[in-house]
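Lettered A, B and C in written order, each chain numbered from 1.
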Amino acid sequence: MTRPRKLPALLLAAVLTASLAGCAGKGTAANGSNGTLAVFAAASLKSSFTDIAERFEARHPGIAVALSFAGSADLAAQISQGAPADVFASADARNMAKLQDAGLLDGEARNFATNTLAIAVPPGNPAGINSFADLANSGTRLVACARQVPCGAAAASVAEKTGITLRPVSEENSVTDVLGKVISGEADAGLVYATDVRSAGGRVDSVPFPEAAGAVNAYPVAALAGGGNIAAARDFVDFVSGPEGQEILAAAGFGPGAT
Amino acid sequence: MTGHQAYTGIPRWLYGLAALAALVVVLPLAAMAARVNWANFLPLVTSEPALAALGLSLRTSVASAGLCVVLGVPLAVVLARGRFPLSGLLRSLVLLPLVLPPVVGGIALLYTFGRQGLLGGTLEVLGLRIAFSTTAVILAQTFVALPFLVVSLEGALRTGGQRYEAVAATLGASPGTVFRRVTVPLVLPGLASGAVLSFARSLGEFGATLTFAGSLQGVTRTLPLEIYLQRETDPDAAVALSLVLVAVAVAVVALAYRRPARPAGNKATTRPTAAAGPGGGVT
Amino acid sequence: MTFSLQAAVVERGFDVALSLGPTETVAVMGPNGAGKSTLFSVIAGLLRPDSGRAELNGRTLFHLADGERTWTAPHHRGTALLAQEPLLFPHLSVLDNVAFGPRSTGTVRHLAISRAMHWLAEVEASDLAARRPEELSGGQAQRVAVARALAADPGLLLLDEPMAALDIHSAPLLRRLLKRVLTGRQAIIITHDVLDALMLADRVVILEGGRIVEEGPARKVLERPRSAFAAGLAGLNFVPGTSAGTGILTSGGRHIAGHSEDPIPAGRPAAAAFPPSAVSVFLDDAHGSPRNSFTVRITDLEPHGDLIRVRAGGLAADVTPAASADLGLLPGLTVHFVVKAAAVSVYETWQNLSDGARTPEVPAET
């Protein structure tokens, strides 16, 4: 009789202990005191930065790179709230500028890649989208990013320059959400980045459009002043901008960083 | 009141832990309230997108709470009173959205009502487009809120027992009459709390809506989605709108858990048995 | 205009046959778990028996046998149930409660209301019509519940310990009321109170272990109990055995002397019954031929009115407190219970229950 009664309490205690221990563990690992480098990177960099980190670790024995991917705004907010990070790679200039203004950067940020918009359509392009102008066709279910996020701002800027009024059925918070709705077939077309189309593999088709060149999005990266491993952080920033980093980024569909 | 109750049976250390528990909930809310930019509060919460989001949230939550009542009452009665095989399994399944991450709910709804979904083709033929519409928002909210109504009503039904119904039947009342004139009036307080709770849960619904319905001002962008979006660029607006949502949630919970001053001495339970509060899906 | 029932619920070991005459009220008594509630649930249609058949005023309530699956829903049976608690609908006024039955069966509102007023007057509760159930005392609520049951015009009224939850002031009033309204109706009343059986019922049925063990006119059952339960109700010492001379022979081979009104042939099932007041308690074995003496060990002493009831060896004796003190009676003490043969009533206990309990028109089928 006593065992089932004690069980929930034991479980609770175990969960509490484990979660507290877990938090503590993460904290020390990310501090970089034992040769770890905490890199906060925009979600769209996930696959390329995973590769870059692997290559970087191979070149720098003794340093382990801990990657954390999320929306640039989320990461910037976390860093300004004191999250232990050594490097920040943002998908837009605005969020990097926030940290710059707060004096959290070690030196200047450096643009290491660019990304251009592309139209993603479900395989076979059932709605027959062939140009940016087709997105405005009545009956076309277009999903885009909201203006408040970088991909949405880019889309709005292209629309403005071309004089085409887009009427998306949904304005998502992230490219991932846009892509998800194209993959599931809910949307006829989505405005995302070229790299997103590439990372989606065969699950979406890409319709390139020349107007995209009018709204190129630059990705800045910087070492952070508050990090515990500034030398390694600077090395990582150099590595991303260097030939090996650029090669990986190009393979993922990114354009070269503006100089 | 005469005198003071001297014995409570509460060990002293329990107060400490209880205070800690209260802090876990109250402190973050207070911290958020402290960050409100009061100078700009009114313009922030009365901006066009904010009002559109609030209006949409209220409209869809009323609709989904109504849908929860219409669908949840029969379900709760059948679960509480019906005798059929696998009723236990059915109850577990129906209550699943209580513990399911809302985004999972959104994905599930997508594969049901989406264009390529289970019913999507049929609905499309009928000319019904659910995805990216306000209907999708209401469906997502109903999906996550229905268990709240069912749990609180089923609790009321079980506590009340079936004796009144049995007496009514022997007095000549058909099952329909018993349901209308005895069962429903007896559980009315439980039903009211359940409806209010499901309204509150609908108001806070986020994940399933984002996944399933999308986000467009005035159509699918409810207040939680607006908050999530504002946070990208305007944290002040996000905080101000969060405070509005907290205020609405507090009012709703107070309404649901108030000590009722009922005229009738109803022995049926008046408290919802679901201890979960609203707003679970707000980031 | 009669009621007949034969039903078996295997899981509960319940197997009862019972019938009522057109205006008969039957009291059902028995220990807890004897099947009294099962009986009502089966009659009211809340519980489906495994087999059996019941008819009320020419209509089949249920007929469950091989190839027969007739079942009438509770609301079509006309068997109004009055429980220990009034169970007035809390959200309705007293008047609407009483009008509930007629309204439910489709009576137009003003007729239902006037019928409700009539029955409220019948139970002397007209002045309560506008009240809410929560504003009533226990006795008032139960009177309203009686009016509500009667307003439904039931063919058979089922009363499940209607007085049990009332205080000692309300119970007599309700008992008088029931006495009046049950006249000329078919009713079954479950009770633990001998007074209810004597005052309200034409006949008493004793239920034990899911079966009827005894039945007959209330007075006869109480004067000459044939079961230990009925003897307990009547407050009599009860010793079963077989007839022998003017007394009985117990299964243990002991002879108890007594007297019987009619001579009983030897060897028949018989019982000896005698009131505790006829029993004297001695510390020594007393002598004298017309006496029965039992050597017993005291188990309990308890107050019984002005007297002390001494329980020992399954028997009871009533002594004055003074006598108890003089004798120094204590539990565990061995004493002698002595009763004169003239105070011991001996009678046959053999009873063909199927004659009385099982009705000729209902074939027994189990």
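Here, a contact is a pair of C-beta atoms (placed from the backbone, for glycine too) under 8 Å apart; a residue touches a chain by one contact, two chains touch by 3 or more.
This one's a predicted model, so the numbers in the text were calculated from it and none came from an experiment.
Asks: Which chains, if any, touch subunit B and subunit C both?
Replies: none
Asks: If you average all the Cα positions, which chain's own average lands nearest?
Replies: Answer by centroid distance: B.
Asks: Would you mind checking which pair of chains has the most C-beta pairs in contact?
Replies: The chain pair sharing the largest number of C-beta contacts is B-C.
Asks: Per the centroid of Cα atoms for each chain, what is the distance between subunit B and subunit C, given in Å?
Replies: That pair's centroid distance is 52 Å.
Asks: Averaging only over C-alpha atoms, locate the centres of subunit A and subunit B and give their separation in whole Å.
Replies: 34
Asks: Go ahead and note the Å separation of the Cα centroids belonging to subunit A and subunit C.
Replies: 82
Asks: Please output the residues of subunit A touching subunit B within their complex, sorted ascending.
Replies: 71, 73, 77, 141, 143, 146, 148-149, 168-173, 177, 180-181, 184-186
Asks: How about subunit B: which of its residues touch subunit C in the complex?
Replies: Against subunit C, subunit B makes touches at 163-164, 166-175, 177-178, 181-182, 185-186, 188, 263-267.
Asks: Okay, in this complex, where on subunit C does subunit B touch?
Replies: Touching subunit B: residues 44-46, 73-81, 83, 85, 87, 89-92, 100-101, 104-105, 132-134, 148-149, 152, 154, 158 of subunit C.
Asks: Looking at the complex, which residues from subunit B come into contact with subunit A?
Replies: Contacts found on subunit B: 110, 114-116, 131-132, 210-211, 213-217, 219-221, 228-235.
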